[in-house]
Amino acid sequence: MHHLLPLLPAIPLLVAAVLVAGGRRLPRPAAESLASLTAAATAALAVFLLLHSSPPLVEWVGGWFPRHGESVGIVLLGDGASLGMAALVSLLTLAALAYSWHYFDEPPRGHAGSYPAMMLLFQGGMCGFALAGDLFNAFVFFELMGVVAYALTGYRIDEAKAVQGALSFALVNSLGAYFMLMGIALLYARTGELAMAKIGQGLDRAAGHHGPDVLVLAGFALFLTGLLVKAAAVPFQFWLPDAHAVAPTPVCMLLSGVMVELGVYGVWRVHGLVFAGPGGVPAADATRVLVVLGVLTAAVGSVMCWYQRHIKRLLAFSTISHTGLFLLGIGVLRPEGDVGTALYVLGHAGVKAALFACAGVLLDRYGTVDEFQLHGRARRLRGVGVLFAVGALALAGLPPFATGLGKAVSEEAVGGPLTVVYVLASALTGGAVLRVAARVFLGLGRRPAAEDGQEREEDKTSGGSEEPETRQRLTGVPATMRTVPAVLLAAALLAGAVPGFAEAAGHAVEESGSPGVFSSAHWTASGVLLDLLSTLLAAVLAGVAVARPGLLSAPGWALPLRRLQSGHVGDYVAWLLLGTALLGALALPGVLG
Amino acid sequence: MSSVLHVLPYLVAAWGFLAGCYGLATSRNLIHAVGCLAGCQSATYILLLAVGYRDGGTAPVFSDIRPGSRPVVDPVVQALTLTDIVVGATVTALLLALTVQIAKRHGTVDPDELRELRG
Amino acid sequence: MNGWIPAATVVLAGGLGTTLWGVSTGGLGRRVIAQNLSTALVCPGLLLLAQGYGRTSYVDLALLLALLGPVGTLVFARLLADDLAEENPAGWGPTWAAVTVGVVVVLVLCAVTGPGRAMVKLLIVGALLIGGNLLASRALSGGFPGVGRG
Amino acid sequence: MTPRVRLWLVCLGGGGLAALLVAACLRLPAFGGLWHPYGDRAVRTSLARHTANTVASVNFDQRAFDTMGEMTILFGAVLGCVVLLRQARDEHRDPPEPCEVVPPVRRYALIVLPVALVTGLYVIAHGQLSPGGGFQGGVVAATSLHLMYLGADYAALERIRPVEAYEVTDALSASAYLLLGLAGVLTGTAFLANTLLPYGTFNTLSSGGTVPLLNAAIGVEVACAVVVLLARFLDQAVEIEEAKGEMSAP
Amino acid sequence: MADAVIVVALLAVAVAATAAVVNRDPARQALVLAVLGTALAVLFTVLQAPDVGLSQLAVGSALTPLLIMLSVRKVRRRSAHGKDGTQ
C-alpha cells in the first residue's frame, strides 16, 4: 500500500510531460480530457489511500527503509492530514479543469496541451508538498508549486496587471523560499538530518536540559517565513491580492482554495514534527507567534475585504482573513483546534472556489468585476446569483456548511475572547460578499456613484477594465461554468451535514497531529448559535451597506491600511524582512527564559 | 585565525543574504532586482556547503582516490546545493520572462512607476 | 602541505582582487575587460588547486571555465556591442599579462605531471584558455562591427 | 510608501534579521567540524552500491525523489517561459538582420562549438564517476549550441536548432525519468528503487545500477530545456516586435 | 595555509555579492554577477565540492549572463522603440 504514495505526485507529473510531448498533435478536447482524467485518477488514489491510512502510511522512496533507525532516503508521510490535503488538491484541480473546459481563448500556438499540463504540474507539486516528510523534499515541492503558480498567474500576458501581479507573487515567494532554505541549512547543521521527525529528535537531544537556543529560534523563524509567505499571513500577505485579482479564474480557485492553505498545513506539519519537542520552540511561544499573526491576519484581511469593489480582489482578501483564522486554530496547539481547522479548510476550499467560479462567470459575461459597474446588471443570471449568495452565507459560517462546522469546532478550541475574532472575521467577509450579491444580482440599493469628484488612487483596482478570459464575451453561461460552483457548494454542504464525516475527518487528523485526547467533532448548540450569529451579522452588514452606503463607507483610519497595499515589490520585500524579525521577536522569550 | 574562520563562512552567507534582500527592497529596476535575488540565493549555497565542510576533507568522489584513504566532506549538502542551483537558475529565467512582459505592457521596469495594483 | 596551494592562493587573491575591482568600478569597457580577465586569472588558480589537493578530477573545473568563460565574454561583447563601439576597449596589456600567467602555470604543471593523459588534458585547457582569452579580447575591441537587430 | 520610509523599514527588519542570523551563526557547529552523520551514511551507501561519485549517488539513488522534483521544476519553468514569452496578439515577427562578425571570432566559435558539445556529453557520461553529471553537462551542451548565435548569427543558430524537436525531447526525457521511477513500483519494489540493474564494477561507466540511466535522462532533459528556454528569450530579443503605432502610452 | 585560500575565496564572494547589489545598472550588474559566479566556483572548489562548482560554472558563467543580457536588450530596444514612436 505505502509503495503507492509517491505516485500521487508522480502520476500528474508524468501525464503533464506526456501532454507537452504530444501537445502539438493532440486536439484540445483530448488534452483536456486526459488532464481531467488524470486529476480524477489521482483523487481516487488519494481517497483510496486515505481510507487505508490508519495506522498512518510511511514510505521511504527508493526502498531506503531505515536500518538501525537510520536511513539515507526520503520519507513520505501518508497520514490522514497529508492524504486528506492531497485528495483535496486533486479534487479541486479536477473542478478547476472542468470549469476551464473550452474556457481560454486560443492556447499558445502549437502548445494546446500547455495549460492542462501546467495545471497537472501544479497539482503534482502540491500533492508532493502535502506528503513530504523530509524538510528539503518539502522545499523542492514548495518551489515546484511556486514556479508553476507564477507562470499560471501571468498566463494572460496581454494584461498589464496580470504580469505585474505575477511578478510580485514570484519575487516575494521565491525570496520566502530562500528564507526557508536558510532555515533548513541551520537545522541540518545542528542535527545532521533532513527527515522532519529525525530533526525533531536531534533538536531534543542537542538541547539536553538547557532548552532551545537561538539557533533553533532562527531556524524556526526562517522556515516559518517561507511557509507564512505562502499562507499570506500578515505582514507577508501583500502579494496575494495582487496575484489573485489577476490570475485566470480556474487558477484562482486553486490558489485560494488549497495553495494558501498548504502554507498553513506546512506550519502545522513542521511545528508538530520538528519544533514541538523539548528542544524545539516552547508551546507558549509557538502559540504566541501563531495567535498574534493569526489575529492580525484575520483583522487586516477582513477590513480590507470589506472596502474592496473589485470582486476577485475582495475574495482574495477574504482568503487572507480566513488564513488568519486557520492560523489561530492551529496556533492553540490542541487537537480540537487542528480538527476544526481541517474541517474549516475543507469547507473553505469548496466555498471559495465556488465564489471565484461565479466571479469568473461575471468577468466573462460582462467584461468587468467592478461591484459598482455591475450594479443590477446580472439580474438575469439567477442561478449564478443564488450560488453566489449561498456561497456568501457559507463563508459567513451558515450551518450546516463545513465552514460553519469547522468554525464552530475551532471556536470551541480557542475559547474565550478569540471567539470574537472568528465571528467578526467571518461576518465581515461573508457580509462583503453578500453585499456584492445583493448589488450585482438583485440591483438593490442606489447605484453607487462611480467617482466622488476626484479619482482616488485606490480606484485603479476597481476591476472596471478587465479583459474577459474567454474568446468573446459569453452570451450564455456554459453548463460547466454553472455546474462546477454548484457541485463545490454541495460538497461543502455535505462535508458539514453528513453525519459521521466530521468524526472520521477528526479521527484522521487526530491520529496524525499533536497528541491529546479528543472526543469527536460534531455540531454543538453553542457552535450553531455562534454560526447563526455571524451569518446574521453578515446579513445585517450587507443590508446596511446596500441601504445606507454612507454609514459603512471607508473611514479615515482605514485609508492608511489600504495605502500599505502599494503594489510596489520593494515594499513587499521590506515587510517580509520586518515579518521575519517579528517572528523572531515573538518567539524570543522562550529562548531567553 | 582559526576561531575567526570557525564562523567566517556562516557570516559571509548571512552578509550575502542580507545584502541581496537590501538590494531587492531598494531596487529601481526589476532586472536588477532579479539579479539581487540570485545574489540572495548564492548565500544559501554558501551556508549549505559551509555546513558540510570537514577540515582536511576532500571531495567524496572516488574516481581518482581509493575509498577510505582520505576523509571526505558531506556529500548530502552538495547534492542539495546542486538542486538549489537548478532551482535558482529556473526561477531567474521565469522572473526575467515576467520582467520582459512587464516592460512591454507597462513601458517601464522601474517598480516606482508600476503603481497599478494599489489598495 | 605543499607549495601548490599557497601558489594558488596568491594567484586567486590577485586575480579575483583585480577583476572585482575592475568589474565594479569605472566605465563599461573597463568592466568587460575585467570580466574577461577573471576567466584568465581564475583558471590557472583552479589548475593549481587541483594539483595542490592531489585530485586530477578537479581539472574538469578548469576545463569548463576555460571553455565557458570566453563564451560569457562573447555574450557581453555581442549584446553590448553598441555601447562598446564608442570605447572599443582592447585591454591588450592586461590580457597578455594574464595569458602569461596562464602559460607559466600550465607549463609548470605539465612539467610536474609528465607525459600522459593528464598532460594532454592540461594542454587542452591551456590552449582553450589562451585562445579563448585572446579571441574574447579581439571580440571586445570591435568584434561585432555590424550588429543590427540580429 | 516613500523610499525613505521603505529604507527605514528595511533597516528595522534587516537589523532584526541580521541579529537573528548572526546569533545563529555563532551557535552553529564550528566550520570544518567532523560530525556529519547523514553524510557518512551516504558515503557508505554509495560505495555499497558501487557508485564512485557519492554526490551522484545521493542525487540519483538515495535522494532521487528530490531530483525528480528538481527536474520537474526545470520542466515547469521552461513550460512557463514558453507560455509567458509566446507571441501576443498585438505582436508580429520580423526576420532578424544578419550580424557582421569579424572572421577570427567566427572561426573561434565554429571550432569551440564541437569541443564544448563533446565536453558537455563527457561531463554527462562521467556523472556517476567523476565530478559532473546530467545537469552540469546538459547546461554546457546547450550553451555550446548558442555559440552559433554569438559567433555567427541568429539564422545560423535557427538552422541547427529545431525548437519543436527539443521541446518534445525535453518532455520525453522527463517522462523517461518518471517511468524509470514507476518501473520500481511495477516490479514490486519501491518508487525510484535502484534494484532493476546490477550495480556493476566500481568506477566503470556502467556501475551504479539505474544511476547512469537517470543521469542520462536528466542530461538530455536539461540540455533540451535550456535550449528551449534560450530560444524563447532569443525570440523575444531578436524576432518578436510590437505592432507599430500601438505603443502603449506611458 | 589551506585555510588561507578559503578565506580569500570567501572574501571575494562577499565583495562580489555586495558589488552585485550596489551596481544598479542591469548590464553592469550582469558583469558583476558573472564574476560572482566565478568566485563562487572557486569557493566551492576549496570547499571540496567540485560537482557544485561545475554546475555553478555552467550556470553562472554563460547561461545567466546570456539570459539577463537578452532581457536587457529586449527592454532597452523596447524603450528606444517607444521614443521613436512618440517623436
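Think of it as A, B, C, D and E in the order they're written, each chain with its own count starting at 1.
The definition used in the following text is that a residue touches a chain if its C-beta (ideal position, glycine included) is under 8 Å from a C-beta of that chain, and two chains touch if they have at least 3 such contacts.
Fair warning: this is a prediction, and the values are worked out from it, not measured in the lab.
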Listed by label, which chains are in contact with chain B and with chain E?
C, D
Chain by chain, through touching neighbours only, how many steps does the shortest route from chain C to chain D take?
1
Pieces of the assembly after leaving out chain D, positions unchanged
one piece
Return the chain pair with more inter-chain C-beta contacts, choosing between B-D and A-D.
A-D
So, comparing C-alpha centroids, which chain is the farthest one from chain C?
A
If you average the Cα atoms per chain, which one ends up farthest from chain D?
A
Could you put a whole-Å number on the gap between the CA centroids of chain C and chain E?
16
Go ahead and note the Å separation of the Cα centroids belonging to chain A and chain B.
28
Which integer distance in Å separates the CA centroid of chain B from that of chain C?
24
Approximately how many whole Å separate the CA-defined centres of chain A and chain C?
50
Touching two or more other chains in chain D are residues 6, 9-10, 14, 17, 21, 28-29, 36, 38-39, 42, 53, 55, 58, 63, 66, 69-70, 73, 77, 80-81, 84, 88, 123, 130-133, 135-136, 140, 143, 229, 233, 236, 242, 247-248
Where chain C touches two or more other chains simultaneously, the residues are 53, 55, 57-58, 60-61, 64, 68, 71, 75, 149
Scan chain E for residues touching two or more other chains and write them down.
2, 22, 30, 48, 50-51, 53-55, 57-59, 62-63, 66-67, 70-74, 77-78, 82
So, with touch as defined above, which chain pairs make the list?
A-B, A-D, B-C, B-D, B-E, C-D, C-E, D-E
For the chain A and chain D complex, residues of the former touching the latter:
3-7, 9-10, 13-14, 16-18, 20-21, 24, 59-64, 70, 72-74, 108-111, 114-115, 117-118, 121, 124-125, 128, 136-137, 140-141, 143-144, 147-148, 150-152, 154-155, 157-158, 160, 163, 182, 186, 188-190, 192-194, 213-215, 217-219, 221-222, 563-564, 566, 568, 570-571, 573-582, 584-585
Per the touch rule above, chain B residues touching chain D in the complex are 5-11, 14, 17-18, 21-22, 25-26, 50-55, 59-64, 67, 71-80, 82-83, 85-87, 90-91, 93-94, 96-98, 100-101, 104-108, 112-113
Once bound in the complex, which stretches of chain B touch chain E?
1-2, 5, 8-9, 12, 15-16, 19-20, 22-23, 27-29, 31-32, 34-36, 38-39, 42-43, 45-46, 49-50, 52-53, 56-59, 61, 72-73, 78, 81-82, 85-86, 88-89, 92-93, 96, 99-100, 103-104, 107-109
Given the complex, residues on chain E that touch chain B span 2-3, 6-7, 10-11, 13-14, 17-18, 20-22, 24-26, 29-30, 33, 36, 40, 43-44, 47-52, 55-56, 59, 63-64, 67-68, 71-72, 74-75, 78-79, 82
Which part of chain B faces chain C closely enough to touch in the complex?
58-59, 61, 63-65
